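The following pair of complexes shares a single chain, chain A, combined with chain B in the former and chain C in the latter.
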Partner chain A sequence: MDSWGFSIAKTRTIDIDSVDFKVLARLTDKVPSAKRCIMCGACAATCSAANFVDFSFRKTHLLFHRGQFSNISEELDKCMLCGKCKLVCLRGVNTRAIIYNLRIILNDMNYKRIAL
Partner chain B sequence: MKKKNVIVIGGGPAGIEIAQILSNYSCNVTLFEKEPQVGGQIKRIDKLFPDFIVQDEMMQKLISNLEKTDIQIHTDTEIKDIEQIDNIWHLKTNKEEAFTADAVVLATGFKTFDPKYKEELGYGIYPGVITTLEFEDMLKAGKIQTSAGEEPRRIAFLNCVGSRDEKVGNHYCSRVCCINAVKQSIETKELLPNAEVFCFYMDLRMSGQFYEELYRKSQEKHGVNYIRGRISEASSTFDHRIQIKSEDTLAGLPLKMTVDLLVLMIGVEASEGTTNLSAKAGILGEYGFAKSLSLHLKDNLTKKEGLFLAGACKRPSTLREVIADARAAAFEVVNYLKMEING
Partner chain C sequence: MRFNPFVLPFLAGTIIFFTIIIFKFYSWIHKLDKKQKYFIKKNLFTTKTLSALSEIFKEALVHRKIYKKNPLLGYMHMSLAFGWFLLIVIGKAESMVYNKTPFGEPWGGIFFRYFVTDPHSFSMQATFSFVLDFLLLIILSGVALALIKRFRSRLLGIKKTTNHRLFDKIAIMSLWWIFPFRLLAESTTAAIHHNGSFLTNSVGSILSYLPAGAMELPLWWAYSVSLFFFFICIPFSRYMHIPTEVVLILLRKYGVGAGEEYSGYSDIQINSCSRCGICIDSCQLDFTSNFNNVQSVYFIRDIRYNKLSDDVVNNCLMCGRCVEDCPVGLELTLIRQQHRNKHEIVGKHYFDYAIKEENHDDVDVVFFAGCMSHLTPGTIIAMKKIFNKAGEKFWFMDENKGLCCGRPMRQQGFVQQSKDLISKNSRMIADSKAKLLVTPCPICYKSFKEEYTLNIPVMHHSEYIEHLVKNNKLKLNKTDLSVVYHDPCELGRGTNVYEQPRNLLRKVSNLKASDFERENSLCCGSSLANTVIELDVQIKIRNHALSELTKLKPDILATACPLCKKSFVHGNKAKVMDLAEIIAENIENDSTADLKFQKNSVNELVL
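Right after this comes the complex of A and B.
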C-alpha cells in the first residue's frame, strides 16, 4: 500500500459516554479514599521519581477517573512505591494503595504491566 | 414623645427579621412587599445548605414572629419612588399612595441571572437545560425527572452562570452557587443513587463553615464527580438528551458527554427594586446593588441619613448572612432614632 506520509490522528477528546465507570468503582471499592482526591497536585510535587522522569501521579490518577486507560500502565512503571505522596496528601488519599491497585486492575484488563 | 415611623421595603428574610425586631421599640413599623405574600425568594428553596434544614419550617418561624407584632404589612405593594425632604423620607407606591417615615430600611434583595443571555448553554431552547431554581422545584416535589418524565441517568451542574463573567457584565462571584451545587448534587444522589452526577466549576469556593466538609462528603459518600472546566456549549442529541462540551483543564484535554439534565447555577444580581430605589435615593453602588457607607464598620448605613440597608440588596449573600445583617441594621435604626424598647 502506498504511504502518503500522514495518518488520521486519534481524537484527544475525553468522551465520557464511552467510559466504563465500573473500572473506577473497582478502584474506589478497594481504596475509598481515592474518591476524595481534589487533584491539588501535592503528590506530584513531592514525587521522588518525578525528579528524574516525566511522571505525574495527579494526572495519571485523574485520567483513570475519566476512564482514559491507554498510557496508565507505562506511567505507573515510573513509580517506586516510596509512599512520599501519601505522606503529603491533604485529603488523606492512600495514593500508594491506588498505584498498587491500579496495576492489578489494569493487568486484569490486559493492559501492559510490569511484574510485581 | 411622638412615636417614630419606620418603613421597611421588602418582605424577604431581611425585611421580616428587621421589622419584627423594630416592632419591639417605640415606633410604628410598616412593611412593604411587592408579592402577594411575604417570604421573598428563599421560598422557592427546599432545603438550606449546609445543614439541610427545611426552608419552609425555618421561614415559618420568622413569619410567625412577624405575625405576633402589630406591624402594618402591605403586600402586593411596590415602592416606586423615594425622596428625602428635611429629614423625612417620602415614599410612593405603585398604587399611588404616599407614605412618610423617619427612617427607611432597604431590604429589596436580589434577583437571579436570566440564563437566556448565555444562549450557547441552550436555556429556553432545549427542555433538558434548567436552572438551579427549577431543579429546586423538583427537589421540593421529591421527584427529579426529565421533560419527558423519565428518570435521568446523568445530570451535570454548571457553576458560574452569570457570575464572574465579563461578557454579561458581572465580574463578581455570587457566593452561594458553588455550595448550592454541592447541596443539590447530594440531594440528587439521595433521590437517585444510580444517577451519575458531574459538577463543572472554574473554582470551587467553599468559603463558609461546613462547606468544605459537605464538598468532601459529596465526593466520598455520594461519588459526585467534579470537573474543572467550563461548559462551552450545549446541544441536543437525536434522542433529546443534551450533549455538552468542555475542557477538563486538570487533564489538559477536551471533554464531552451526554446528560439528561443540565442544571445551570445561575448567579445573583441586584433586584429591580434594589437598583431603582438605590438610584432614586442616590446610593447606587456597583452592578446595581445598593452601596453602604463603609464595608467594615458602617455596612448598614448609607450616605443618606435615615436610610439603612439590610440583606442581599448590597451584594450576594447567604441566608445566614442576611439574617445577621438584618439584626445589625435594626441596631443602627434604633440608635439613629434613639428609640426605647417597649416596656
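Right after this comes the complex of A and C.
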C-alpha cells in the first residue's frame, strides 16, 4: 500500500485531442456506473492485491478515463477479482465489472493478454 | 396391404425424423471424450441400464418432479407424454393382434380404425377400442390444460411462461391439432361403421347428422399432416427434449458427468431442455428486476441456435435456484461456467507476489478468513474467540490480507489465473503441516473443496463449530432470542451444508423457519458471479430477500457468509449476525479448563 496514486508523478502531458474516447464509451456502455466514480481511492485502500504489489485500481481507472491505455493490461493482471473494492465503493461503482470488461476491451484492442 | 395415400405424410415425417435424430445422436456421442466413452462401454450391460429405464419411466413419461411442483402441471405433462406413449404402444399391439404377426405396415397402429371397419373382427377388439378411447380422452384433457396454461398459467402454478420462437409455435400448434384431428377422424369413421368405443361412437353419433362420408378422408388427411409437421419440427424445436432426455438419463446413470470443458454431453443436456419455463419463476433477476432474457431457459435456447451474447452469459447470479427446480435435472450453472471459460496463455504466471513465508509447525488448524471476511471483522473476532475458548492451536493464514481463494476468478472464466492462486495457496497450506483447514466464507469453502487438491480436510466454520460442540470443547448457553437463518447459495445449494448451522442455532436460540429455506433459499444479490447488474438491481434483490426473511420479525437474521452479511446489513431491516458471532456471544463462560480449576479450588477450600 506504499502508493496510493498520490505520489509525485513524473512530468508528462496528456494530449486530449489524440485520445480515443470511443473506448471509454465502450466501457461506460457495459458498466454505466463507471461514470459515477469520483476517484476517491477507497477501492485502492481496501485492495488485497495492493498488500503485495504496487497496484491501485483508482490509478488504473483514472488512466483509462484519460485514454492512456499503454500499461493498463499489465496492471490489471495483478487484480484477483475478489470484489472487495466493489463492496466498499461509496458511489456504488461496479469496480469488479469495470476490471472484467477492461480486460475484454483491451484484449479486443490487441493489448493481448487473454485469448478469448 | 392396407394403404391409402393419406399415410404418406406420416410416413415421410417419421423417416425424416429418425434420420435426423440418428445423425444428431451419433455426432454427440462421437464428440464425447475418451473417459466418458469408457464409462458408457463399462456400464452398458449392467443393472445401471435397468435403473436408468426405471428413471426414464418415472421422469420422462410420468414426470414425477413436475408433479411435486404442481399436480395439475404434472398431470398435463404426464397425459401428453405417457398417454401418447401408451396410445402408440397399445395401438401397435392392437394391429399386431389383428394381423396375428408382429410385422405389419408401420402405419397399421396409427390409422387402425380407418382400415379395420368391422367392429367384431377379433375377440379383444372391444377392450382395445375402449382403452384407446380412454387414452385419447386423457390426452385431450392434457391438451385442454395446455391451452389454459397459455392464457392463465397461474392456474397451473406457473407465473410466467416461456416466450417461444416461431418454430416452436408451429411445433406446438401441430402438437395441439394432432389429437382433436384424431378424435374427429375416428369419430367420422365410427359414425359410418360404428367401430369405435364410448368416446368416438358418441362423438360419431353427433357427427352422423353431418355428411360424414365426405368428411372422413379429409379428416384422416389432416391427422396425418399434423403428425408430419410435428415430426419434422421435433429435431429443430424444443420437442427435441423428448428423444434426448432418454439418452441423457442413460448417460447420467452410466456415470458420464459434465466436466468444465464443453463436450458432447453438454450438447445432450442443452437439447434435453424442454423450455418448460419453470426456471423463469425461480430466477430472482426475473421477479425482482424484470430481466426477461437471461434465465436458464433463454440461455440454453441461445446456445442451441448460436445466438448467445456475453450479457446473457454474464448476467447470472449463479445462485443455483434454477438447477434445484429444473425437472430434467440439467446442470445449468455448470453449462454457463463452460461458456464463461476463456482459454489462457498457458505457462504465464500472473500473481508473482512477494509473500512473506512463515513457519507454522505447531498448529492444528489453518484459519483462512477469505477476502470478504476482512470486510466483516466481527466474524474474524468471533472465530478467534471460539478458537481460544476451545483451546485449539490455529494459524490465521491471511491475517494481513492474504491471497484470494481463486473462485471469483474462476467464476469469470479466468482459469489460468485461478489455478495460479490455487497453487500458491495450496503450497502455503501444505507447508503449515496443519491437520485441518477452516474458513468462514462459503465461496472459499466451495473452492477449497472442489478445485483444490489438499491432503487435509476442509471445514466451513459452521461444520467446525459443530464438531467442537460435539466433542465438548465448546459449551453453549441457550437464549430465547428468535433467529431466522439465511442459507447462503454457495454453502447450501453449492456444497450441501444445511443442517450444521441450524443445529448450532437451535442450541443457542429459538430458530424459526422462513418461507425460503434450504434448496429454496434466496440470493442476497451481492453474488460475485454477476458482472452485468449494477447496484440498483442488487438492492432490489437484497430488499426482496430481506423482506421475505424478516416476515416473522426475528431478533436476529443469521447467516454464514460474509458477503450475505455485508449485503443484508445495509438493508437496515433486522440485526444481521454471522453464525460465529452468535455462537461466540453465547459460549458458556466456564469452559472445561475453567471447571477443573474451580473444582480444584473448591477441593482445596474443603481440605
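Simple rule for what comes next: the second predicted complex is superposed on the first by the 101 of 116 C-alpha atoms of A that agree within 3 Å, B and C clash if a C-alpha of one lies under 4 Å from a C-alpha of the other, contacts with A are read in each partner's own complex, and residues count from 1 in each chain.
What we mean here is this: contacts are C-beta pairs under 8 Å (C-beta built on N, C-alpha and C of every residue); 3 or more make two chains touch, one makes a residue touch a chain.
Remember, predicted model here, so these are calculated numbers, not experimental data.
Applying the stated clash criterion after superposition on chain A shows that chain B and chain C can sit side by side. One of chain B and chain C touches more residues of chain A, and that partner is C. In the superposition on chain A, A:Lys78 makes contact with chain C only, not with chain B. Once the two complexes are laid over each other on the shared chain, residue contacts for A:Asp15 go to chain B alone; chain C is not touched. When both complexes are overlaid on chain A, the residue A:Ala97 reaches chain C alone and has no touch with chain B.
In the superposed model, A:Pro32 lies in contact with both chain B and chain C. In the superposition on chain A, contact is made by A:Leu87 with chain C only, not with chain B.
Once both structures are overlaid on their shared chain A, chain B and chain C have a minimum Cα-Cα separation of 13 Å. Counting contacts as defined above, chain A residues 32-33 meet chain B in one complex and chain C in the other. Here chain A touches chain B in the complex through residues 12-17, 21, 28, 32-33, 35-36, 38-39, 58-59, 62-63, 65-66, 68, 91, going by the rule given at the top.
For chain B in complex with chain A, the touching residues are 196, 198, 216, 219-220, 223, 225-226, 228, 248, 250-258.
For chain C in complex with chain A, the residues that touch the partner chain are 310, 314, 342-345, 350-351, 353-355, 371-372, 374-375, 400-404, 406, 408-409, 412, 414, 417, 421, 526, 528, 531-532, 534-536, 563, 566. The touching residues of chain A, counted against chain C in their complex, run 30-33, 46, 48-49, 51-53, 77-78, 80-84, 87-88, 92, 94, 96-97, 100-101, 104, 113-116.
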